[in-house]
Structure formats: C-alpha cells, structure tokens
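Letters A, B, C and D mark the chains as written, and numbering starts fresh at 1 in each.
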Amino acid sequence: MKVVVWNENRHEKTNAAVSTIYPKGIHGAIAEFLQEQGIDASTATLDEPEHGLSEEVLNETDVLVWWGHKAHEDVNDEIVERVYERVLEGMGLIVLHSGHFSKLFKKLMGTTCDLKWREDGEKERIWVVDPSHPIAEGIGEYFELEQEEMYGEHFDIPSPDQLVFLSWFEGGEVFRSGCTYTRGNGRIFYFRPGHETYPTYYNQNVQRVIRNAVEWVKPVTRNRPEYGHSQAIEDLSSKNKQ
Amino acid sequence: MKVVVWNENRHEKTNAAVSTIYPKGIHGAIAEFLQEQGIDASTATLDEPEHGLSEEVLNETDVLVWWGHKAHEDVNDEIVERVYERVLEGMGLIVLHSGHFSKLFKKLMGTTCDLKWREDGEKERIWVVDPSHPIAEGIGEYFELEQEEMYGEHFDIPSPDQLVFLSWFEGGEVFRSGCTYTRGNGRIFYFRPGHETYPTYYNQNVQRVIRNAVEWVKPVTRNRPEYGHSQAIEDLSSKNKQ
Amino acid sequence: MKVVVWNENRHEKTNAAVSTIYPKGIHGAIAEFLQEQGIDASTATLDEPEHGLSEEVLNETDVLVWWGHKAHEDVNDEIVERVYERVLEGMGLIVLHSGHFSKLFKKLMGTTCDLKWREDGEKERIWVVDPSHPIAEGIGEYFELEQEEMYGEHFDIPSPDQLVFLSWFEGGEVFRSGCTYTRGNGRIFYFRPGHETYPTYYNQNVQRVIRNAVEWVKPVTRNRPEYGHSQAIEDLSSKNKQ
Amino acid sequence: MKVVVWNENRHEKTNAAVSTIYPKGIHGAIAEFLQEQGIDASTATLDEPEHGLSEEVLNETDVLVWWGHKAHEDVNDEIVERVYERVLEGMGLIVLHSGHFSKLFKKLMGTTCDLKWREDGEKERIWVVDPSHPIAEGIGEYFELEQEEMYGEHFDIPSPDQLVFLSWFEGGEVFRSGCTYTRGNGRIFYFRPGHETYPTYYNQNVQRVIRNAVEWVKPVTRNRPEYGHSQAIEDLSSKNKQ
C-alpha cells in the first residue's frame, strides 16, 4: 500500500510560527508518523511540477491525504480532475481540516463545504459517536486538543454515510468532525483537526485516527463497473416476437 | 407553491415518434397533470432565452422538475450554476430519467452518474422499498411500465439518503429508481422512468410519484446558514487571561 | 389528524417542583400547545386503564407522542407490543427525552438506547445540522435552553436515517438530539429536550420542533405490504419445462 | 480471529435432500471453506448444550455466522439475549438467508424482518451496487445462482447503513440482499442466499462474500462506552455560583 501525503506547503514557507512547529512541513510530519508505523508514505506539494501528482504517481497511489488552505485556487483544474478520477477508480482519500474548501472535496461532495470558523486557540473535544467504526479504534470515548481553530455547524456537506466523530468547542459550537463517504469505487474520510499554527498532527490520537483511516479508505481490488449500452442478459426474443 | 417543469425539448422537435406521444412536449405533459391537481406549474425549455431560467423565474420557483437527454452540453454553465445555487438555497429539485446525466445533477452528486442502458422496449417493474415514505403514497407494492428503456446498475451515484423505489427489468437488471438527497437547504428526488418514446408520463403511478415528490421536495422557509468567521457564543475571556 | 400525547404522569403526582411547572402534567402542556395550533390532540397516561392506549384509541391515532422516565417498567408488555405494531402499521411516533429508555423505543431501535446523563441545570445549545429538514423549519441556526439535564454521547442508538439536531452542553458533552428513523410503514422522531424539572415544553423553539415533527411523522395512507408466500409475477413455466 | 458458524441443523437431520447436499451440515460446509482460507472457524448447533453458545464460547468468538429456519422458536431466549449482548459488545455477526426471521436478528433490527418468498427453483442474479465496499471485493458486476428460493420486497428491515447487493429474480421480484448495520460496538451483515435444498454455500462467489464479510464485521478493540451518571468535564462551578 502506497500513501501520498499532499500539502500546499505555503504557510510553512511564509509563516515562521508554522515552520517552527512543522520544520518538515505538515506533509512531512504526517508522512513521518505513517512511516514509523511501517507504511510506505511519501509526500507531494503544490509547487512541484504537476503539484507532485503526475499520472505515474497517482496510478501507484492507494491512499491520498490532502491538506490545503490558502492556495486552493492555485491547484490546477486539470490536476483536480485527475485526482477526482482516481478517487472514482478506487483510490482512498483523506481530506484534512481546511481541505474542506479544496476544489477536489467540493467537487466530490456537490456542496459548498462551507462552515463557521474562528481562530481563538480554544479547546476542542472530539467525541466518538460510532464505537463500532474501525477509524475510531484505539481512541477513548473522547480526546481533547487544548488549542485548535474552531469549525462550527452548519457544515454544508451531504449527510455523511457514516458519522464517526463529533466535536465540542469551548466557544459554544459543535461540528461533524469525522465523516465517511463513498464515490464510485473510492472511499473518502474527512477529518476536521489540523490548523497550521498548532501541533495537532503530533497528537497521538490524531495520528491514530489518520492511521486507521488510511487502512479504512484503502482501495478494494476491482475494475470500475462497465457503463453505457448493455446487452440483455435474459432472452428478450419471446417478447419481441409477440 | 410554484413549480417549473424544465425540458430540453429537442426530441419533440426532431422525432415524430416523440412529438406524437407528447404533442405539447414532455414538459407540457408533466405541467398539465400537475395543473389538473391544482398546482401552479409552468414550463421552461432549453431554447428560450436563458433557457427559461432567468433569475426572476428561479427566485420565484419552489420546485424545479428537470428532463434532459441529448442536449446536456448545450445547457449554459452559468445557468447551471444559477440553478445549483438555488437548490442550495432550498429550491426543491426533481430530476427525471436521462436527467441523471445533466450537468446540474452531476454537479450536485459529485459522481459521474453513469449507468447501464438499453433501448429494447422491455418491461420495468418498480417496487416500493420504503412504504413509510410520502413519495410512495398511493402506490401499490409495485407498478409496471410495459415498455421502457432499461437503466441498470451500477448507477454511479452517492449512496442515497433514502431509497424509495427499486426497478426490476425483463432483461435481467435492477436499478435504484427513486432516490432522495439533501444538498444545502434543498431536497432532491431522482426518479428513473420516462424515456421519450414511451407514454410514461401519462401513467397514473408515475404521475402520482411526481406529484408526491413535488410536495416532498418543496422548500422549508429558512435562510441559508451563516458561514465564515464567527464570534464565540460562550465567554472565552477567562481562557485568554490564563 | 389525531395526536395522542402519552405521559407516565408520575413525577407530577409526587414532586411538587414538577407539578408547579406542569400543573396539567407534561402531557397536558404538550397537548395544549398543539391544540392552540389547531391540532386535534388528546392525552393518555400510565395509570389509566390500558394506559389510555386501548385498541380503539390507537386505531384512531395518527401520531403518538411519548414521555416516560421512572416508570418504564410499569408499562405493560402487551400494550408495548400493541403500540409497536401500530408504529409498523404507519402511526407516527415522537419519543421525547427520557423516553429513550422506554420499552417501546428500545424495541424499535434494537439497542440499549443508553447514554451519559447529569442533572446539573446547565445550558444546552441545540444546533440545526440539516437545514433542509421540515422538522427544523422556523428554528434559527441554534437555540438555547438555559437549564437542562445533560445527555451525552455515546448514545447507543442505530445510526439515524436523518440527523437534524446536535446539542452542545456547558459541561463538555455533545449529543445527537434530533434523529429520524423509519420502521415498517411508520416514521419516528426522537427529540432530546424535556427534563421534568425545567419548563422546557413551554419554550417556543421546542414547541415548534414538536409541532413540525407531528407533521413529519404523520402516516401515509397505505396498507402494510403483503408478506409470506407469493406467486411468481412472471411466467416461470418455460423454465420448469426444461 | 475466531469464527463460530451456528446452524440449527434440523433440515440436515430430517430431509435427505439437504443432508445429501450438505453431509456435514450447512455449518460444516461454511466452516470448511473458511478453514481452507486459513480462518480459525468452528461450529455450534441448536441441539448442543446451550446451543453450543456458552458464555465461554461467545467470549472468545470474534465473528458469529447464523443460519436458522424452521426452529427459530426453539432457540432459548436467554441464549438470544446472551448473543445479543455480545454483538453490542463488538462481536461481528453475519446473518444468512432464513436467519432473517431469527429472534436474534429481529431483536437487533427492531422490525418484523418479514418478506415475500417462493420456493420454485428460479434464477437469482445478485448485483453489486456499492463497488467501493470491501464485502464485494473479488465479485464481478453480478453473479448468478441458477436455482434459489426467491425472497422479495418489501423486506421489513430498517434502512441499511450500507446497501451492497441487490437481487433480481426470474419471477419478477427484487431484494436488498446485502445489508450492513451497526449496533452498539458491533457490526452486522445480512446476506440473502442459502436455501437448504440448493448447493449455494459451495458457490465461489457466495463463499467470497462470506469470507469478505467475516473480515468486515470483525470487532474493533475497544470497551463498551461508559453510560449513566457522568461528572462534568468542564468546570460548572462559576455557573453554580451565579
């Protein structure tokens, strides 16, 4: 299984607060903890040729992790289309935090994916609402992030196929923080935490969720279904003779 | 409540088989049976200015019924965007038959909406799988259409919020024929039947389903939620003082 | 449409704090605001013969509202079965607050319906997470109850068909507070608020939600499907001759 | 991972047609193909003490496969309760064919689980409607069973969390044949095929589905959530002082 962690990697270049927390970039931090658990994880970033997402790379990618924020518009439409097609073909996709507003996620959801937000360093408490779900394995009844950006409802997404986590915020909001979807042959997991100015991706629970999600979204081995004109399987000739 | 029945209205102009069945167009036939039940239903078609879907028209439309087939690409992207926004604002949408491949439906679903098809005049039997659903009210356990185009699985849609009807086809296929979704403030119903060369929209059961669906997708009275930066509701000052 | 509001009506008899708030009982308060909106609402209570839920009464009931708490075990199993059957036949059911632990709700859900709770008079903020849903019509983005009992996740229910409301609690918990289900021909809505020592059922938003829910769960007109042995619809004789 | 295949094992004792097809019983056939794929699978049957489902056995069981038909009523209520509790604790459950009418499945679903049926040796074609689902891995777009009992809609179940397979029957019916649910910490898969007088459980596709489902329903490692009275996580004292 090959995982590619994609990051726009722009905050890291311009904001010392971010590069201090994530000296190898958010992508580097995520790839690193996946590698430490024996996963073949590499990285790709916006400013590489083809954003690091050439057809060759994508064809060999089983799971793509996506982090973007201020440069969504700089992602080339052609690359978005390419990644989108790969998801429908079965590539697993994990969209993190501000990736909710990426072209890719909005295209897959069919909605604006808008939400309320506030950057005030408040506490987030993430509750497990589906204890049967493999993505929540190893997580207690809840876990806390002492400081995070707030994302609040209404979150303008389609009703999730499965709702795994709900967040409570100190300022009074709630949020559907762990949501699964299927699109074509592919499975998708959206996970809320991960503002760039907090060390969220070093949190053990956050790492465990992402690790679990990699396993959960990984592709099944199958071709895309055949679409288009299709011969009858049953004999329709008697009907036609009538 | 104002309903607008939209139709590309191209088959009717070029195929005598179609115009014989639907002398007032598919849109005319649908609007007529809705009007006979006391609904304020009008029509709009592709070749009208702005496809008959000006901002004025859409702002006053509670429910839009959509039929398209061979001219999906002729629908202007700007109009698609306009209708899409109205759905998110709450306008109900009923997508019929080959409308599955419209730009609008694909954008709302986030998938290709592809399927298997065959035009062989075979029998379709439509089963109610959710007898609690208002869209199925007045429909027996199943109803039949003696001749219809076949649509077969896999239907490349997101998992429906509610699955109301399943079709059985003589040639051996099945299909999820009645599917509901929500997107933003709007509700959507996809209904499979209605190939242009068969008198499907005169069928009493088909009419009843569309009539029920109009009622089911009609908007609730509410504004779009507020999105974007949001002040804390609870007092965060004690936290900040620490 | 006939609505019956059922209440165990025991706190009202033994706890002055409750009878002061609800001099006509919780059932009386709920029936009253429904009546004021033109709905034919009556009441039934545990200590009436057959708990006020005779076959005659139930056969004429379109929507049953259920409030129970400390006397769940006193509800006769035969009556539970009778109500259960009526729900499957199509009678709408609204289960309020501590009714989560009623025999009826547990039987319909297939789970323990257990949860965390705390009676500490804290604030609850109820957020709309499905703005397209008719049950949320007329409700702003959220509403608050200054003092309520806390119910917290994990709430041991099946994944709701539709999730309409989420609660935020001052003490740090979240809860899926508005959940819809279908069972047989019937529709069910669970709504969290309503501890007996707070004037929750006088709250305008709570009343609006219950009013909307009555409309949403009301039965469709249809018989139960036919089950059991069934003749083939298609001719299987050619097969049998082979 | 330990799998227990449970069978009432009554047809096998009284009907030569069944014992000829399944000389080791349906349970034996299923356990055998699982063992051949390296799974630790054993069997348990109705006429064993405690139906072969002692607390010791169940506590070590990760996945239970259930086949029953004519002796549902002979299953002891206490054992049903014991198995039910284990499912809520996380034990995976696969219910096969006529197990739809078992006390266990009905209790978990909250509905009658009734359906239409016909024993006429007709063809069943099982379509994959969720190509992203691991339970469908290795299965083509559809597979056929030349002779099976028909099960037809309406199938009186709650709306499945995930719908994986749909069946087409020669006689004109359709059926939701592969359905997933979660209950408490446990995951459940219902799979339709497997009438006792046909060699269905030797079919490679059927075996693959069951094999996949064993993997899919297997428990996550976690305790049941804590329910009941719960201290506030946040400090409510400032509120109480007011």
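Assume a residue touches a chain if its C-beta (ideal position, glycine included) is under 8 Å from a C-beta of that chain, and two chains touch if they have at least 3 such contacts.
Because the structure is a prediction, the values reported are computed rather than measured.
K.L.:
Go ahead and align chain A to its copy chain B using Cα positions, then give the rotation in degrees, nearest 5.
P.N.:
It works out to 180 degrees.
K.L.:
Would you kindly say which chain has the C-alpha centre located farthest from the C-alpha centre of chain B?
P.N.:
For chain B, the chain whose C-alpha mean is farthest off is D.
K.L.:
Centre to centre, by mean C-alpha position, how many angstrom separate chain C and chain D?
P.N.:
30
K.L.:
Counting in whole Å, what is the centre-to-centre distance of chain A and chain C, each centre being its mean C-alpha position?
P.N.:
Going by mean C-alpha positions, chain A sits 36 Å from chain C.
K.L.:
Approximately how many whole Å separate the CA-defined centres of chain A and chain D?
P.N.:
31
K.L.:
Quick check on chain A: which residues sit in contact with 2+ other chains?
P.N.:
If we look for residues of chain A contacting two or more partner chains, we find 125, 128, 130-131, 141, 152-154, 159, 161-162, 170, 172-173, 182-184, 225-226, 233.
K.L.:
If we count contacts the way the header does, which residues on chain C are in touch with chain D in the complex?
P.N.:
Residues in contact with chain D: 88, 107-112, 114-118, 120-123, 150, 152-154, 156, 158-159, 161, 170-173, 181-184, 225-234, 236, 239-240.
K.L.:
Would you pull the chain D residues touching chain B in the complex into a rising list?
P.N.:
125, 127-131, 141, 152-155, 159, 162-163, 166-169, 172-174, 176
K.L.:
Taking the complex as given, what residues does chain B use to touch chain C?
P.N.:
So the residues of chain B touching chain C come out as 90, 125, 128, 130-134, 136-139, 141, 161-162, 170, 182-187, 220-222, 224-226, 233-234.
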